[in-house]
Amino acid sequence: MSEASFFTDMLQSITDRGRQLLFSGSRATQVAAKADLQTLCETLLSSRGEASGMALAAEILDRWGALESEGAQAFLDMLHEKFGPDTAKLDQAIENYRTDKSSAAIIALHQAAEPRRQELLRRLNHAPNGTAKLVRMREQLLASKDQSAGYHALDADFTHLFGSWFNRGFLTLRPIDWSTPAYILEKIIKYEAVHEIAGWEELRSRLAPADRRCFAFFHPRLADEPLVFVEVALTRSVPRAIGDVLVEGREQINADEATTAVFYSISNCQDGLRGISFGNFLIKQVVEDLRRDLPGLKNFVTLSPVPGFARWLAKARASATDRFLSETARETLMLLDDPNWPDNEKMATEVERVLLPLAARYFLTERTPEGRPVDPVARFHLGNGARLERLNFLGDRSTKAMQQAHGLMVNYLYKLDDIVANHEALAQRGEVIASPAVKSLLNQNDEGRGSGNGQQGSRPFANIMNSTLGGGRK
Amino acid sequence: MSEASFFTDMLQSITDRGRQLLFSGSRATQVAAKADLQTLCETLLSSRGEASGMALAAEILDRWGALESEGAQAFLDMLHEKFGPDTAKLDQAIENYRTDKSSAAIIALHQAAEPRRQELLRRLNHAPNGTAKLVRMREQLLASKDQSAGYHALDADFTHLFGSWFNRGFLTLRPIDWSTPAYILEKIIKYEAVHEIAGWEELRSRLAPADRRCFAFFHPRLADEPLVFVEVALTRSVPRAIGDVLVEGREQINADEATTAVFYSISNCQDGLRGISFGNFLIKQVVEDLRRDLPGLKNFVTLSPVPGFARWLAKARASATDRFLSETARETLMLLDDPNWPDNEKMATEVERVLLPLAARYFLTERTPEGRPVDPVARFHLGNGARLERLNFLGDRSTKAMQQAHGLMVNYLYKLDDIVANHEALAQRGEVIASPAVKSLLNQNDEGRGSGNGQQGSRPFANIMNSTLGGGRK
Amino acid sequence: MSEASFFTDMLQSITDRGRQLLFSGSRATQVAAKADLQTLCETLLSSRGEASGMALAAEILDRWGALESEGAQAFLDMLHEKFGPDTAKLDQAIENYRTDKSSAAIIALHQAAEPRRQELLRRLNHAPNGTAKLVRMREQLLASKDQSAGYHALDADFTHLFGSWFNRGFLTLRPIDWSTPAYILEKIIKYEAVHEIAGWEELRSRLAPADRRCFAFFHPRLADEPLVFVEVALTRSVPRAIGDVLVEGREQINADEATTAVFYSISNCQDGLRGISFGNFLIKQVVEDLRRDLPGLKNFVTLSPVPGFARWLAKARASATDRFLSETARETLMLLDDPNWPDNEKMATEVERVLLPLAARYFLTERTPEGRPVDPVARFHLGNGARLERLNFLGDRSTKAMQQAHGLMVNYLYKLDDIVANHEALAQRGEVIASPAVKSLLNQNDEGRGSGNGQQGSRPFANIMNSTLGGGRK
Amino acid sequence: MSEASFFTDMLQSITDRGRQLLFSGSRATQVAAKADLQTLCETLLSSRGEASGMALAAEILDRWGALESEGAQAFLDMLHEKFGPDTAKLDQAIENYRTDKSSAAIIALHQAAEPRRQELLRRLNHAPNGTAKLVRMREQLLASKDQSAGYHALDADFTHLFGSWFNRGFLTLRPIDWSTPAYILEKIIKYEAVHEIAGWEELRSRLAPADRRCFAFFHPRLADEPLVFVEVALTRSVPRAIGDVLVEGREQINADEATTAVFYSISNCQDGLRGISFGNFLIKQVVEDLRRDLPGLKNFVTLSPVPGFARWLAKARASATDRFLSETARETLMLLDDPNWPDNEKMATEVERVLLPLAARYFLTERTPEGRPVDPVARFHLGNGARLERLNFLGDRSTKAMQQAHGLMVNYLYKLDDIVANHEALAQRGEVIASPAVKSLLNQNDEGRGSGNGQQGSRPFANIMNSTLGGGRK
C-alpha cells in the first residue's frame, strides 16, 4: 500500500516538474495552456520527452476529469473519430507491402493499421493514477455504448489494452475478513451486487464467523480497490435457499467440520473492466486455497441467482407459438401473476411442477445467437467448467429475486477434476454439463409430470457425496 | 513473496490438471504427446479452452527448456519463419479494406498484420513461470541475433510485449540493505556489473554502513529477481575516484551529515530485458526517495565509467587524418603504450593535459550515426536528463578501467529541476548539456594548453554548492 | 498476530498433553479430577513438572472461568485467606535470621514472607491465555474490593505482578486508523470512555480524515486487545469546546497545515489493569511521534473533562462554612439549579463569572488527603508533567458533562521541554503548574470580579504561540 | 524491528531531556555530575520523578559501560555489599510483625527483606537498552562468580528478575532461513556453539536446502538478538554421525519425503542469560511446528555431543578403585592414548566394545551430588522429557569431539506423547529414560562382552519406526 502510494507520489512529483516546464515561461507553452484537448492529445502522441509526456498525460486526464457529461461524450467522440488509424499512412503501407512483402513491410503495415488511440491510451496510462482514470473513462464509454454503435472500434482498443494491463499474472488474491482494513471493508459493502449488505453489523456476520470466508482480487496499479470478490459459506450440506446461508441466528460450525464450500455471492467491482474476465480465475484459485487449508471440504458449489429466467419466461408466454409451452403449463403459469402464490402451498406446488422443467429447458437447450447459454450467470459458471447441479425452487424470496427469477436459485458444482473437461465440452461442442437430476427434468417438459418430487427423489447431493466427490478423492 | 509463490503453485495445479487431460486417455491426446513443438504451438494458438491452453503452454516451455543449444536455435527459427503474419489472411484483409474502408475492416487488417507469434507468446506467458522463461528465451535470441539479421522482426515482437508486461507501473522499488533476505543479497553479488563484489564481507561494506544505500526494482511476475539496482554512497563531497568510495577503512559519516549522494554502480540484472528501459526511472525514483529521507542532500551525482573511450581513442589515433589530433597530441598519447605511465607523475601529467580535452570532445561533439552520444553510459545518463559535470583523470586504476578508458571516470549531475529541460534538449535538439568546466576543455583541444588545471581552477562543484543547487532549494 | 495465536495454539497443545496425563489412568489423577480448586492450587504450587504444571494451571483457570459470581467471590476469598505467606515457615525464617544474619538467611526470610499466591499467580500465568484471564480475575477483585477491605493484600500481589508483566518495555504503540483491522476497530467503539462513538460511521469520522489521529498501546500477551488509546485532532487553534472538534461537517485541514495536536479522548480499555499506569507514557510517545511526522506542530494540548468538579462544588455549597464561597457566589450558583441556564445568555454570564474562579481553586489549591489534586483527570495530566492551560466555560453541553462539571472543560498543555520540571514540581513539592491566566482567576475568588473576560483578555494561547512554544523551538 | 527501534529512540529522547534537567543549571545537579556511581544509585533508588529516574538510570549504565574490568568488578562488589536488604529496616519490620501479625506487617516484612538492588535493577532496566546492558552486566558477574562465592546472593537477584523479564510468554519463535535478514544471519554464524559455521557459504548449506530448518527465539526488548537457536536436518533415517548431516555434496531430499527431524545443533546466544531456560521450550515448539507443516515426520531426535564424557572417563581411569572398571577394560582404554586409534579398524573395534558400556553407565547411573545426570547436554534433553535413544561410536571425529568425548555422539528421542511422563520420571524419581538397546549395554559392563554389535543387532530405530512412533500416530 505504502509502496503504491509512494509510487504515486513520485510520479506526481516528476509530472509536476514536467508540467511546470510545459506551461510556464515560453510563448510556445502558453499556447499549450490554451490548447484544446485534441491538440494536447496530438502533442502527447508526437512528444519524445518522457517527463513532458507524463505531464501532458496528466494535464489531459485532469481536464477530462473536469468535463461535464456532454464534454465527456465529446471526448469519446474525438477519440473515436480523430484517433483511428492514419488511413493515408495505412494506404501507403499497403502499397509498400504489395511491392515488397518483407517482414519489415508487414511490421510497418501492422503499425499503420493500429488505431492511433492505442498509443495515446498507453501514454495516458503513464500519468499518476492513469490506470484508474482510464478505467473510469471506459465506464463512461460502456454507458454510452448502447446508444452509439460506432463505439465498438473504440471499445475494442480499450479491451485490448486492459486485457494486457489486467493480465491475471498481476492480480493478487487477498482474503477479506474481519482483520481487513476498514477502508477495504467499506468497499465490500458498497460493491456487493448480489445480496445487499445493509451495514457494518451485517458485514461482520458475513466475514467474522468461523464458517465464513471472503476473497478478492487486487491489482498493483489500482491498489486498495478490489476488482472482484466472492463470499463463501462453509456448511455441512448444499443449501437450497439463500435464507439458510444468511439467516440471523443460524447455527455456526467450525471450519474443519465443513464438507461444503458455498460460493453464494460474486461481485465485480469495476464497471469499467466489464468483459475483462478474472472471476473464473478467482473461483478456481479460491477452491485451491480452501482445499489446501481445509482438507475436509469435499463439495464446492455455488448458490446462484438466475437473473434472466423471468424475462425469458415472459417472452415464451407472450409468444403464442412457443412449441414447448403446453396449454396446461400456460394456465398454471398464470398463478405467477398472483403475488401471493409463494405463500400459498397449493399454488406453489402447482407452479413448481411446471416451472422447474421450464428452467431445465432454459439452462440446457436455450442458446444465444452465438450458441451460448442465455442466462448470464450460467454463462459464467458453465464457462468456468462448473456443472449445473440442482434447481432450487423458491430459493430466494427477495423482491429482486422474485422479479428476476420467480424466486429460483441454482447450485453449480465445481469439481476440480472435471472443470477442464466440462469447460472444453461447452467451449468446443456447446454442451451444457448438468447433473442427471436436472437433465431428467427436461423430459418432464413434455410429459407435464411433477418434477420437483422427481428431482428430490433422486437426492442428487447424496449421490455427490457418496460416489462422485467422495470417490474423487482417495 | 509468499503471495507470488502461492500463485505459482496454483497455476501449477491447474496446469497439471489440464496436462493430465491433454496427455491421457484418448487417441487424440496420445498424438499430442508425440507432436513436435511446432504442432503444439499451432494447437496452442487455435485452442479455446483456458485450462488446456495453460497446460499446452507449460508443455511447450518445458520442452523448450530441455533443448540443447542447437534445438533452441531451431525453435527461434521456427518462431521466426512459421509464426509471422498469416499472409493469405493479410492479403484477404487488404482486399476487404480496399472495397470497404470501415473501421471493422481496419481492425481486421490490423489483426491480420500482427505476427501470429505475438498471440503465441501471450499464451505461453500464461504458463507457470512463463514470464521468466520468455525472458530467458529472449536472452538466447539476443545472443543469436548478432549472427542472424533475420531475427529483427522476432525481437520486435518480444520488445513490444515486454514493453507492455514490464510497464514501469508494475515495478516496485525496494531498498536493499543488510536486513534484506540473503537470497536476494546473493543475487546482488552475482549481478554487480560495474565494480565487482568479491564476497559477503565486501557486500556488507557496501550495504551496512550508515552512509551507504542500495535500491532495486522488482516485478510481480519475477518475484525475488532484481531487474536493476543502483548502489549509492552518501558523502560530503563529489568523489573523483572510485577508490575514495570503496576503500577499506574509509571514514564513515552519518547519513544526515551527507550533502551528496553518489550513484557509483548501476547494474541491469536480466539480459533478456535488454532495451526495456527502467534504469532511468530507477535513478529518478531513488533521487526522490533520498531527498525526502535526507533533506540535507543537495547534490545527486554519479561516479561513472567511460567504457567506450579507449576504443574510440585508438580509432582516432589509427586514423591518419583525424583533424583534431595534433602531432604533439599523438606523440604524447604514445605514453599510454607504456604500462607504467599512471605511476610516473611526469608522464601522467603529460597524458592528462592531452587526454581530458579529447575526452571532452568524445562526449560533447562525437555522435553515433543516429545522432546520439557515442559512449553507452553517457547515452543513458544524458538521456535521463543528467548533465556531464566533471571528468576525473585516473578515477579508476583497475585493469578493466585502464583498458576501457585509460582510467577515466566522470560525474554526471542529476538536478531535478533541470532533468526535464536537459532531457528535452538532447531528445529534441541533440544537445549534450555539460558544465562550463567540461565545455571549456573543448577549446583546449586546439590550443594544447593544460586542461586538468583549468578544470580544477574553475572548481565546478564549489559552484554547484554555492549557487546552482544551493539556490535551487529554499 | 499470527505469531501470538500460533504461540497460544502451541501452549494449548502442550497443555492438553499434560492434562491428559493428569486426568487419565492412574488412581491419583482421578482424585485430581474430583479435587476442589483449593487442592488443585496447592498441587500446582508443589508441582515440579512443567507440562503437568501448565495443565493444572489451565484446569484451574477453566474451572474458575465457569464459576458463578458467588463461586468467584469464594475463589478470591480462598486466595486471600489460604495463600498468604506460610507463617510457620516465616517464623522459622525469622528465628534463623536472628541467629545467623547471613545473606542466605535474608533470602530465605524474603521468600518466606512472600505470599504464596504470588507464585501461584505466576504459575497460573503460564496457562494458555493465562494473562488475559488473570486480568479478568483482578477486574472481579476490584469490583469486590470496595466491599471488602481485606482484599488490599491480595490486590497488592496482583499489582506487583502486573507491574512487572506490563512493564512498559513490552508495550507497543500502534496507530489506529481507517486501515486498521475491523476487529480492533470494534473494540475502539466499545472502549471509548470519554466521548461515546455511536457506530461505524462516527468512528470513520474520527479516524479517516487527514486531520485526525489515534494511537493505542498493545501488549504481546494480550494480542489484539488495546490497553489504552488516545484520539487526537490536528487543528490550527486550541479548541474551547468538544463540539468544535467533533461537529459533523466541520472544515477539514491537511495534516501539515496543523499547528496544534489536541488529545481530546483517552480511554483505558482493561478494568483489570486499573492503576497499572501506561497512559502517561502513551501521551509522551504520541507527542514524540507526531512531532517527528509533522514538524509544523507547535502545541500539544488536551481538551479534557473535569469529572469531579460538580460533586466538589455541591459539597462546598452544602457546607455552610466554606470560607471561600461568598454569599453572592452562593446566590449566583443557585442559577445552576435551573436547567435552562446554559441557554440563557444572561444567566450563563453570571454563572461564568463565579464558576471559573471556583474551578481555578478546585484545580490549584484543593488537595486529596495524600496531597494530590482532587480531580482524577487533573491528577493524570498534571502528574505527567502537563500544565493547566485554560478553563473552557461550557465546553461540553452533553448531559454527562453538565452533570459532572456544569459543562466545564479544560486544556492541559504538554510542552516537552517543561514536562520533566512540571512533573518534578508536583511530585516533589506538590505544586500545580498552571498558566498565568488560570492563576489570575484564583485571585478573583475574593474580589468577585468577572473572570471569563479577564481570561479571554489575556489571550493565553496567543502568548503560547508567540513566545512560549514558538520560542521553545529553534 | 522498526517498532523496537522507534521505541528506543523515544526512550532516548525522554531520557535526554531528563538528563539535561539533571546535569544542568542548579548547584544540586552539578553535584550529581560529579557524584560517584554509588551516590547515583542511591539517588535513583530514592527518586520519585519518572523522567529524571530514566535519566539517572541511563547515566549510571553509561558510566558502567565505560568502566575497565577493575572498575566493573568494583561495581559488582558495590551492588553486592551496599544494596542488599536494609537490615535496620528489616529488624524493625520483624519487631512489628512479632507484635502484630497482620497481613500489612507481613507485606512490610517482605519488602524489607528484599535486597535493595532488586528495585535498583528494575529502575536501571528502564533506561534505553537497559535490558541488554543488564544482560551484559550479568555476563560479567558470571565470569567473576567462579572466584567470588559471595556473588551468589547478587546472582539470585539477577536470576529472579531475568526469569520474570524473559518469561517465555514474551518470546517469539522465528524461522531462520535463507530469506532472513543478513544482520541476523551473521549472528547465527557468530553464536553457533556446537558445530562451527566457517562462513556464508557454509551457512547457506545449513539454511537454504529444502531439507534443512533453523528456528530461533527472540525477545521484544532484545530485538534482532537471537536468544537461542536450533538447527534441524530433515532426513529419512536417524543419523549416526554428524558427518552424515553436514557433509558437502550429500543427497538432498524434499521436505515432505522426510520421516525424521534431527536437531543437530542448539546454541544459546546470550551468556548473560545462562540458567534462564528457554531451550526446552524451543525444542517443543519446533517439534509442534514441524509436525503441523510436515505430517510425514514421525521421529524427532537429536544428534548430540557428550561434552563431559572424556573428562569423566579420565577420572575413572585415574581412580585406582573404580569398581566398574575391570583390568581388561583399563588396558583396552590405553588404546585411546594412541592418536591413531580411530583410523585403525582393529583398535577402534576394541575401543568400541569397552567404551559403549561405560558410556551407558555414564548416562544411566552416574549422578551429580544433586542427583542429576552428569553430562550437561544429557541434563538438558532428559530434563526436557527426551529419551536416550542410541549411542553413536565415533559419531564426530572433529578435534573438539575427540577431546571431549572420544568421538562419541548420542541421539535423544523426543516423542511428544511421552515427554511429560519422561520429564516427570526424572524430576520426581530421578530416573533416566533410555531405549532398551542403551539399557542392555549397561549389563555388558560386567560381562565385558562386545556391545556395539549388541546394540546394532537390536536395531533400535527399526523398532521406533514400526511400533513405537508409527503406532503413536494413527
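Labels A, B, C and D are assigned to the chains in the order they are written; within every chain, residues are numbered from 1.
Following the convention adopted for this analysis, a contact is a pair of C-beta atoms (placed from the backbone, for glycine too) under 8 Å apart; a residue touches a chain by one contact, two chains touch by 3 or more.
What you see is a predicted model; the values in this text were computed from it and never measured.
**Q** Given that chain A and chain B are copies of one sequence and touch, is their interface built from the same residue numbers on both sides (over half shared) or different ones?
**A** The interface of chain A with chain B is built from mostly shared positions.
**Q** For the two copies chain A and chain D, what is the rotation angle that overlays their Cα atoms, in steps of 5 degrees?
**A** 180
**Q** Going by the touch criterion at the top, tell me which pair is linked by more C-beta contacts: C-D or B-D.
**A** Higher contact count goes to C-D.
**Q** Using mean Cα positions as chain centres, tell me which chain lies farthest from chain A.
**A** So the chain farthest away from chain A turns out to be D.
**Q** Distance from the CA centroid of chain A to that of chain D, rounded to the nearest Å?
**A** About 59 Å separates the centre of chain A from that of chain D.
**Q** Roughly how far is chain C from chain D, centre to centre by C-alpha average, rounded to an integer in Å?
**A** Distance between chain centres, rounded to whole Å: 40 Å.
**Q** At what distance in angstrom does the C-alpha mean of chain D lie from that of chain B?
**A** Each chain's C-alpha centroid was found; their separation is 51 Å.
**Q** Scan chain D for residues touching two or more other chains and write them down.
**A** none
**Q** All pairs of touching chains?
**A** Every pair of chains meeting the touch criterion: A-B, A-C, B-D, C-D.
**Q** Residue numbers of chain B touching chain A in their complex, please.
**A** 3, 6-7, 9-10, 13-14, 17-18, 21, 48-52, 84-85, 87, 90, 94, 97-98, 101, 103-104, 106-107, 109-110, 113-115, 125-126, 130-131, 150, 152-153, 156, 164-165, 167-170, 172-173, 220-221, 280, 284-285, 288-289, 385, 416-417, 419-421, 423-424, 427-428
**Q** Provide the residue numbers of chain C that touch chain A in the complex, in ascending order.
**A** 1, 178-183, 185-186, 199-200, 204, 207-208
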